[in-house]
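Input: structures, listed below.
Paired with chain B in one complex and with chain C in the other, chain A is shared by the two complexes that follow.
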Partner chain A sequence: MRPYNENLAIGPYTYRIRTTLRNVAAGLQALYRDFPRADASAFVDFDIALRSHGILPWRKLSRFGFDGRDQFGPVPVHQAYASLEWGMNWCVSVHCNEYLKLHAAVVASDAGAIIMPGVPGAGKSTLCAALGLSGWRILSDEHALIPPGSRQVVPLCRPVSLKNESIDVIRSFSRDAVFGPPSLDTHKGTVQHMKGDLHPESHATDPVPVRALVFPRFSRDEPQRLRARPRTVSFVLAAYHSFNYSLLGEDGFHAMRHLVEAAPCFDLVYHDLEWAMGALERMPAGEALPQSAEMS
Partner chain B sequence: MTTLIDALNDPQSVMHLRPLQLSALMSQARQAGLLAALRVHLDRAGVLAPLPADVTRHLDSASLAQTKQARDLRFEVRCLRDALAPAGLSPILLKGAAYIIGELPAGDGRIISDIDLLTPHAAIPAAESALIAAGWITGPLDDYDEQYYRRWMHEIPPMAHKSRGSVVDLHHTILPPTAAPHVDAGRLFESLKSTSLEGVLALGNCDQVIHSATHLFHESEFHHALRDLWDLNQLLRDFETSVVSAHGAVAGAEGGASVNGAADRVDQGGAGGDFWSMLEERACALDLGTPTYLALRYASRLFGTPVPADTLNALRPPLARARSLLWDPLFLRGAFSLDYPGDRPRGRAFALWLLYLRGHVLRMPLRLLVPHLVRKAVRRGAVGKGSENVA
Partner chain C sequence: MHFSLATSRTPLFYFDPNEETSVCFNPDSGDTHLLSTLAAVALSELGDETLSVADLTQILKSRFDAASAGEIETYAPTLMEELSNLGLVKIHE
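Right after this comes the complex of A and B.
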């Protein structure tokens, strides 16, 4: 296989990605094949190179190079693909502050974008993948990028990161899901990425109006529900899920207030994907919804 | 491969860069820790606005992060001041924190990794107890590391605040006591100056330069070498033109507690003399002429700092001409070079490795160094990367 060397246009950013590792190149070819290429002479935001490291044939390692420097220390080569995707997230999480950034999955229908902030394990990626496979547009699996002062989200569509049981859940949910190479025994368990640009509009770059904030939580034991929640509590929770709310200081406060002021907020507790998707489809425009309304 | 240095020296030149050269510039500045500082510099030169938005957003992002850090630093320094007050001590800031809180041009856009404080050796136990009482604690260290710091180093093990995470390095002198130059640390307290925070002090101007130079040229790791040299350029240009008494304004007199009363003393000698001759005199008095010479040599070489030839000649160490045959390739190709664009420049890894050894040899005699490095190597092999907390 030839070494991979592409300038990918991903949302508002251009990533230059190079690797000589076969499994990583194969993953990139599968998951990014439909991404637009940036011109080779155009400005590059993030320059990433994954290289093999170490001389022991039974202990092959990979290094994530950014700005020409090894950033995270070597990982086993069978975890290299996940380290690439995490590193690509890190570029945005750490280096970009032109947006208010929430750690969230973001999906859109004709009615607008739904931001789903959540801690790891809340089930946001699983739900995001299932929605993407059912006709919704995936705007991001990781970052909701909000231009301060707007009520819009900037698309940053990339593959969806699935972990452990979620991989099989999505495999049985749809035969159409395209997966990259599995990364085994990472600190998050087994991780596999699903092709995320499934919608005709996936690579459009225009900001999408925010329709709602939904805080998902996967729970087998509780009754499933989509329930409106007070804005004040949602504000604090959204700030908690933000990468740079406090970094932006007063501007962060105003940006978050402006966003939450107009967006209805919901708690979503679910264990059945079909139910959760139906609930989101039927979700009312929040202004009309009493704060305690419950749907099932 | 000098995109960043060119941009710092001649901000107008960025107007003519092609997109890929601008990518390289952003990348180099980020790598050097100078992205926010570069923004300040370009903005002053009026060339920020004309740059494309996909370039300026990187500069703006770094600037926002730096602004937040400087705001947090101010808060932390106030906490440190209040924590040390019961012990009758005032915080004396070193390096980045001193530039920012001292509101020097070198502090504009400066990012820091921890807060360096200086305190007299005799006051270390009192300062340490006061900081522990206020929530700064030392992470778990094994006996060897603990002893290494306490016995051989110029600082005690780093202390991190238990809830806020701010890290304080408490120094009692400039260099490890095992290093060859014998610095009389007591003299550092002769010429302290005030900062923008009441009761918070910094070293005098000359001492700030000498301290920064000494750190840079006794280092064994050079991740921030270019930034440190840029600091020196900024400090020298600033101090050269600012009219102050001897080694800096006298501070602490009305600023509350002073360190052993030392801050109240007026500078000795050289009042009215120009900055460069005071720097020269001070560097010799502290036995730190060589690192000061190297700082002036490379700051003027890379950033055109207007160092008078007389000063450079006066500080020139023995055999400088011969030694520079080694210095120049090591510092220019190793320490002050950058890894981007493309791959690591030829010979950089080797130069950095030699500088690593040089830094250690300068820091301690071989009879101490060899067992220490062997121990580090064995432990690195046994535990793997990431467990390294000994300098």
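Right after this comes the complex of A and C.
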């Protein structure tokens, strides 16, 4: 397989990605094949190189390089694809403070965007993947980018990161899911990425109006429900899920207030993907449900 | 005992009229607090002033319904101590 060397236009950013690692190149070709290429003369926001590291043939390692420098410790080559995607997340997480950034999956329908903040394991990526495979537009699996003072979210569509049982759940959910190479025995277990640009407008860069903030939580043991939650409590929880709320100081407070004032907030507890997707589709637009109300 | 704001500027607030909690941003520390709306109103009323518990109690009683008056009277001193522990209020003995 030929080395990979492309300038990818991903949302508002240009990533230059180079690698000679076969499994990583194969994953990039599968998952980013439909992404627009940036002009060779375009400014490169993130210059990434994944290369092999070490000389022991029975212990193949790879390193993630950013702007010509190794950023993280070496990882086994069979985890290299996940390390690339995590590194691409890192690029946005630690830079790009022109936005209020929430750790969240973001999906959109004609009614607007739903921001789903959550800790790892909350079930946001699984739900995001299922929605994407069902006609919703995936705006991001990792970052909600909110321009301060706006009630919109900037698309940053990339592959969806699935872990452990979620991989088989999505394989069973749809035969159309396209996966990259599995990364085994990572600190998160087995990780595999799913092609995320499934919608005709996946690569559009215009900001999308926010319809709601939904805080998902996967639970096998609890009744499924979509319930309105207080905006003030949601404000603080969303700030907890932000990469740079504190860094932005007062601007972060104003940006979050502007967002939360406009977006009704909900808790979503689910264990059945079809139910969760139906609940989001039926979710009332505009004003939130009264706090005592819920859909189950 | 008197109280004043411990911050160099008035904190920023997010109130929702339908909710019992409010968000308060401390401009000096950058910390964000989820407070009872009673606490947030007490802070916003302090402004540049130094007030006694009695003054504050009167102000809060005028801002909330009569049914809460007894609770406000009982709770106000504790409330101000809690706000002091958060670094939002300064206590003058």
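The rule is simple: the second predicted complex is superposed on the first by the 294 of 296 C-alpha atoms of A that agree within 3 Å, B and C clash if a C-alpha of one lies under 4 Å from a C-alpha of the other, contacts with A are read in each partner's own complex, and residues count from 1 in each chain.
Following the convention adopted for this analysis, a residue touches a chain if its C-beta (ideal position, glycine included) is under 8 Å from a C-beta of that chain, and two chains touch if they have at least 3 such contacts.
Given the structure is predicted, the values throughout are model-derived calculations rather than measurements.
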item: Touching partner for A:42 - first (chain B), second (chain C), both, neither; value: first
item: Which of chain B and chain C A:178 touches, first, second, both or neither; value: neither
item: Which of chain B and chain C A:257 touches, first, second, both or neither; value: second
item: First, second, both or neither for A:119, with chain B first and chain C second; value: neither
item: Which superposed partner A:67 touches (first chain B, second chain C, both, neither); value: first
item: Partner chain(s) touched by A:232 [first = chain B, second = chain C, both, neither]; value: second
item: Partner chain(s) touched by A:98 [first = chain B, second = chain C, both, neither]; value: first
item: Touching partner for A:249 - first (chain B), second (chain C), both, neither; value: both
item: On chain A, the residue positions that both chain B and chain C contact, one per complex; value: 246, 249
item: Complex contacts: residues of chain B adjacent to chain A; value: 18-20, 22-23, 26-28, 30-31, 52, 54-55, 57-58, 60-62, 64-65, 67-68, 71, 338-344, 385-386
item: Contact footprint of chain C on chain A as seen in their complex; value: 230-233, 235-236, 239, 245-246, 249-250, 253-254, 257, 260-261, 291
item: Residues of chain C that touch chain A when the two form their complex; value: 12, 14-16, 18-19, 21-23, 25, 27, 30, 32, 34
item: For the chain A and chain B complex, residues of the former touching the latter; value: 12, 41-45, 47, 67-69, 73-74, 95-98, 244, 246-249
